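Encoded as structure tokens, the structure appears first; notes follow it.
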Amino acid sequence: MDYQAILNVIETQLKEVDFGGSVPDYIPELAAVPKDKFGMHLFWITGDHYAFGDTEELFSVQSISKVFTLTLAKMYAKENVWKRVNVEPSGNPFNSLTELEREDGIPRNPFINSGALVIADILLTHLDDPKTELLDFVHHITGDRTIAYDENVYESEHQNGYRNYALVNYMKALGNIRNDVEDILDFYFHQCSLAMSCRQLAKAFMVYANKGRILETNEDIIAGKEAKRIDAIMQTCGFYDEAGEFTYRVGLPGKSGVGGGIVAVHPGEYSVAVWSPLLNKKGNSKKGMRALEELTELTGSSIF
Amino acid sequence: MDYQAILNVIETQLKEVDFGGSVPDYIPELAAVPKDKFGMHLFWITGDHYAFGDTEELFSVQSISKVFTLTLAKMYAKENVWKRVNVEPSGNPFNSLTELEREDGIPRNPFINSGALVIADILLTHLDDPKTELLDFVHHITGDRTIAYDENVYESEHQNGYRNYALVNYMKALGNIRNDVEDILDFYFHQCSLAMSCRQLAKAFMVYANKGRILETNEDIIAGKEAKRIDAIMQTCGFYDEAGEFTYRVGLPGKSGVGGGIVAVHPGEYSVAVWSPLLNKKGNSKKGMRALEELTELTGSSIF
Amino acid sequence: MDYQAILNVIETQLKEVDFGGSVPDYIPELAAVPKDKFGMHLFWITGDHYAFGDTEELFSVQSISKVFTLTLAKMYAKENVWKRVNVEPSGNPFNSLTELEREDGIPRNPFINSGALVIADILLTHLDDPKTELLDFVHHITGDRTIAYDENVYESEHQNGYRNYALVNYMKALGNIRNDVEDILDFYFHQCSLAMSCRQLAKAFMVYANKGRILETNEDIIAGKEAKRIDAIMQTCGFYDEAGEFTYRVGLPGKSGVGGGIVAVHPGEYSVAVWSPLLNKKGNSKKGMRALEELTELTGSSIF
Amino acid sequence: MDYQAILNVIETQLKEVDFGGSVPDYIPELAAVPKDKFGMHLFWITGDHYAFGDTEELFSVQSISKVFTLTLAKMYAKENVWKRVNVEPSGNPFNSLTELEREDGIPRNPFINSGALVIADILLTHLDDPKTELLDFVHHITGDRTIAYDENVYESEHQNGYRNYALVNYMKALGNIRNDVEDILDFYFHQCSLAMSCRQLAKAFMVYANKGRILETNEDIIAGKEAKRIDAIMQTCGFYDEAGEFTYRVGLPGKSGVGGGIVAVHPGEYSVAVWSPLLNKKGNSKKGMRALEELTELTGSSIF
């Protein structure tokens, strides 16, 4: 199949279409991104790259980083992560406090804010310097040491992070947080501020499409079984309160971020990253979701 | 891979193990089923069958029938099913009324009770005789005309169906039910009472593993794209409030019923049915889930 | 104090003012009532009457009847009513199903629909013919045997009562309903259809202002302590999700109905009924609440 | 009526009875209070005092202070308090975050934690030094300048106040908090730590029984109408999720604290404070509630 041709079709069909949507207003850096940015990068299991548009430009990965921190927790945490966070899809928005009350401070899954904050807490317990080690991890799996945190985004997140402060204090009250609240949030706001391009994200996520291995070196990052399970969690929990819709329409495990990025994988075949800043009400990129839907439609290649 | 050998391993490992669990007490016929029943039947895409245990014995399919009725609705309904029911996983038990209130009478998905009741309502609108046509459909895709409703189970469901009466009346109040309440429930309690064996279920679900086609005849039942989408909904919504756990542990689209049955598919490879009556608190067969976990573990073959 | 003069002031101030609001659209008979109806009737403990406007005209008492049925249950039920229903204000609309789920089928109080349905169930268990006995009770405490059910309203309630069907079926599923669902609803829709005037309601509620006694005859209907407690429940639960607002603004125990009526009592002093059909979003008469606020403002006589 | 004799009866009946219950474990100072402390102090409108037991001993007033801060807000805030907090009873525990989500950050009433935190925020905006001015206010209405904050209790509250940190951050995220989170909590934890005796509390609350005036000096503290309204809010919201039960059983406006104190008023007649440290599951003093129930039972004098 000619993936570049298919990507060209997607670009042609969608580039000029106005799907509406909005950018997050609580982070000025995200609100300032030009709304017509659009790029897609597919990394095939043979090592080939296919792309169009703004795929070399850095954007804020936001929640996509939750996949990396979960991976680090599975690699290094000397405790059972699943006693601290569940793997069930959430029936509520990504930053909801309601569910926590009903479920005694155990977040529904590691890909909503509360769950990622517990994962951050776990990393603070088991790593010496999570901020550096997260960056090292991303450098390692992408082979690209230029990737960095965006300190302006970090500052904005910090200054407007009241809801995340609420979440972590609430879970501390409910007994599911071990470390200092400020330390956890410092790490969490940093992970959200990670700036990457579609190309870099596609490279990073090949690990999850390739049984836990770096494609070029065949180095095992995590066990194949664990990679499959992270894919499974992406499938059911990767899109906040819209995981069902994404699974139905696209049929690939994936993870989105409010920076407008989405990464998805077809295990054994490819990883793909797409970027378009305008979000729907659930916080997922409108054009990005549509582009991925076109991809699996045109290739006939969802995992189902 | 020697699937029969793998099934034999699963039988040996699990048959005598007591995983605990309980049978539903509100349906005497389900409560009376011998708790040590255990069988598994795998139908491979080449037409081969592998099985162990009580795979020829009939049991009450219960919620598994929701996959059939959704399929019928997609085949025959001259209205957009997705305006009446969503495709998002539910964060609540399968018979919850709470979510409906928040979401204006639109059920979260077609595989919880409220959603299946809306599908039943849709079938009543668009089919002449849904009860007969559901049976015809199951006869057709299994090639087995002996399959029937269990009238005793139907009677018990009817007599103890207050919660389902509540759900359908509530949705009628909220404007999402068109037909007579009694007619809907008569059909719904019948669909739940369908009695099938693991062998019959595995045959029926091959349609969903085989792009919507009957394997033996190559007859198209639904479009391949629709079959994929039903698989996707099974993945995110097939296990009530435990869809994430099943996806994580087993990694296959599937559907369970409180009769202790579970059916799962590996698109392009196989369909598999397992039966063990004792349920966990979420309403899914404990030994059945474990058997399927062993299957994808031993074969290394989840969809992820 | 010259109560008639005060009532005249209230009439003058409010009669022509348009407070907005709406009539219930699910009961055609209520929707058809002229929206400018307005009357107030105060029955003073000395036996004096003060009134203005449409105080002799019959309207549908709706939820106001819940005070009568609770009284009957306290008089005749050979079981502890408070094991079947609580006395806490509800944080949700009057017809909510959500709270029931959280609280195992025990309604928050007897003045929301679910609670009144449990009271109806209790009356069916302990009275021979609740429909007749409720009418006898109202005839007795008002001394007016013309009061009757409005069968047209009853029919409309019945035909549109899906939400009440849902509530009673749901509580039956949760184990808090003993009698046949249809029998309970037949009685409940009848009690709602009771047609009374402001004058009749003021007379009836004097029992609650007069320590449980009929004013003219000094006959004890219920113990003074019980009358006080019913007043207390009216104070905290008489206005659905607006009991706090009514207590804050008016400062009297009372009960409203979606027919636009409100009855309130000042224990030891007076009972007062007001009627104006247009309701606010919580289901309480807008002009009625305002009239009662003026009354306690002008007389300086709330219970606080 | 011989109030001292009635109080003696209450003491005799209840002093030795073990009603069970527990002390809050998250504040060591409260957990360390001898569980058999019991005292009651009634301050009659003529200036007479009646008392028994430990009525001169200081204890932590906790949530009772919320009545004082609401009063200060009504006295000094140059903004409409009721745009920032409602007056409806809460259907949830006093420290719930769930309701806030549903109601856009507007707390249900000023006597649950979230509401008191908004009031604290309002005081920080409109007073120069709320901590000093609250103490001045309490000194003034009691005529007792020895009343002080308990710094040990304050410290414990601060160290274990994660849930309150969550609440205030959450409301800040929802736009209903103006001042610095730490400043608000510093004031809030101080107000909770106020140490007073039953005698002092009864004196303080005479203002609410006496139309807003200090009894001895006839000085107006707040308008009589405002005092009535604060009484009304105490009636519907003073006992967390048990306001209905207290109104039903006792029939007086009142406010409880997790230090085991309860203060109630009979407008125009008396104020009364009771103290017993063991709490029921809703956070109200078990023996205290019972003592007040006996009081209104024996005197026949609820407000209803």
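In order of appearance the chains are A, B, C and D, and numbering begins at 1 in each one.
Keep this in mind: contacts are C-beta pairs under 8 Å (C-beta built on N, C-alpha and C of every residue); 3 or more make two chains touch, one makes a residue touch a chain.
Small disclaimer: the values here were computed from a predicted structure and weren't measured.
Graph distance from subunit A to subunit C, where chains that touch are one step apart, equals 2.
The chain with its CA mean position farthest from that of subunit C is A.
In this assembly, the C-alpha centroid of subunit B lies 55 Å from the C-alpha centroid of subunit D.
Inter-chain spacing, taken between the CA centroids of subunit C and subunit D, is 32 Å.
Rounded to whole angstrom units, the spacing between the C-alpha centres of subunit A and subunit D is 47. Residue positions of subunit C touching 2 or more other chains: none. The touching residues of subunit B, when paired with subunit C in their complex, are 96-98, 100-102, 162-163, 165-167, 169-170, 172-173, 181.
Residues 86-92, 99, 108-109, 224-225, 228-229, 231-233, 235-237, 241-245, 247-248, 251, 253, 267, 297, 300, 302-304 of subunit A touch subunit B in their complex.
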